[in-house]
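Naming follows writing order (A, B, C and D), and every chain is counted from residue 1.
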Amino acid sequence: MTDEPFKITLEVRDYECDLQGIVNNSVYQNYLEHARHKFLQAKNVDFAKLTAEGIHLVVIKAELEYKKSLKPNETFTVSVELEKVGRVRWAFLQEVRRQPDNELMLKGRISGVGLNQNGRPHVVPELEPLMNDA
Amino acid sequence: MTDEPFKITLEVRDYECDLQGIVNNSVYQNYLEHARHKFLQAKNVDFAKLTAEGIHLVVIKAELEYKKSLKPNETFTVSVELEKVGRVRWAFLQEVRRQPDNELMLKGRISGVGLNQNGRPHVVPELEPLMNDA
Amino acid sequence: MTDEPFKITLEVRDYECDLQGIVNNSVYQNYLEHARHKFLQAKNVDFAKLTAEGIHLVVIKAELEYKKSLKPNETFTVSVELEKVGRVRWAFLQEVRRQPDNELMLKGRISGVGLNQNGRPHVVPELEPLMNDA
Amino acid sequence: MTDEPFKITLEVRDYECDLQGIVNNSVYQNYLEHARHKFLQAKNVDFAKLTAEGIHLVVIKAELEYKKSLKPNETFTVSVELEKVGRVRWAFLQEVRRQPDNELMLKGRISGVGLNQNGRPHVVPELEPLMNDA
């Protein structure tokens, strides 16, 4: 794919920073999740609606590489690419980059699977056209 | 080592649960961090004090395997083991287990490094005696 | 009532502290909510179950007086008393006190109402026996 | 004052919603705090810098009226007006309004005081020109 990956722009909120004066490690997962949901929404897949219908997109693994730390008042982008890993498995490849210098703060790979109401693996047809091949 | 790993017992708080009715993925990092800080405190290493002194224990990688989801009102343990990875690198091996059935919810490996005031890698002597060999 | 109010004991978690090195203001609402849910649970009223049944205990006003700030590693109690304010209205009177010196950190009054599936005010019979008169 | 109050526009993030499918009560304080800090920043008062200099803007009371609940995917504004209450006391008047219908979700009054390094009340000269009379 030569397309630019999907991307949102956010800003650090002071309450997201901890004693060390930097964004707390756990907050990046919030950023990544929000970007994934915006990605799905932009593609007309509504996460809250899927949940209400009993289809759960379940994260089974998160791999997060912390490169640099975001600080108060900084602006950053969160990108999202979706990769097909198996019949019912997928992985989101995501990057958090400080702006305007585009410096890489965090690289994430979030792997998951669709589950139906019975907790069984389930192809989520809405996701299929959004996936790049691995 | 034949010792039992360090362990704390916590309880799910409803505000930690999301739309899906389960503990939100990012919250596990809070649990893990709190357990690491309690571990350090139990060993007489005060995280807030180290931070005030300019010594930062910096997470460089988090690998989280989500096995099952914690739900409202459930009690769980978070264990902590510290492994020496290199001269200035370490990794915390952690497990979140639901109680009383001891079912594994999440397995985490949090890798990091000590940094001094100048942002240079730094041996944190207080950690050395706490480490198992890799 | 001469009874001791219901009380839980918690401990500050470092991730709850912000740039100022103290527990962030918004976190006290988490503490208060958790204590209220534990109070209800202790009285055999399950908040998550009520929610699942379409009965919502809705907060309509929160008044929080911040007296002193909790810091890392501190232990504290959160108390809960429930007061009847009107036919369908109630108020939780709550205090956060640092331990072991019992110093008052925060005083809260959380007023609310029961709503049924249609969003109409609704007496929650389970709450009635738990209420003190105003 | 005939000026429009200062205002920021935000969007609900799914992780801010709880079991009830709505934004958790405590999260509104995060929204309000972020809007206050953006207000100060827009007026060239840097909250993180003040904190680093030992000047703390300390909240002593928060009064929050919950009118309606924000839901996933909704956009909203948070307004900020600063009122002089006494020599060293101030109050932020804030509203959270859903967009585009401008419906009032929450009304807040956050009262506070400036404190210096010694914890003594302290006029924060940077705030004076930003204040309306009560």
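Going forward, contacts are C-beta pairs under 8 Å (C-beta built on N, C-alpha and C of every residue); 3 or more make two chains touch, one makes a residue touch a chain.
Keep in mind that this is a model prediction, so the values were computed, not measured.
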Fewest hops from chain B to chain D - one hop per pair of touching chains: 1
The pair out of B-C and A-C sharing more C-beta contacts is B-C
Using C-alpha centroids, which chain lies at the maximum separation from chain C? A
Could you please state the distance in Å, as a whole number, between where the Cα atoms of chain C are centred and where those of chain D are centred? 22
Cα centre of chain B to Cα centre of chain C, whole Å, reads 29
Need the CA-centroid distance for the pair chain A / chain C, whole Å please. 33
Which chain A residues touch at least two other chains? 14-15, 17, 19, 21, 24, 26, 30, 33, 48, 72
Under the stated contact criterion, what part of chain D meets chain B in this complex? 14-15, 17-19, 21, 24, 26, 72
Of all residues in chain D, which touch chain C in the complex? 19-20, 24-27, 29-30, 33, 48, 51, 56, 58-66
Chain D touches which residues of chain A in the complex? 13-15, 17, 21, 30, 33-34, 37, 41, 46-48, 72-73
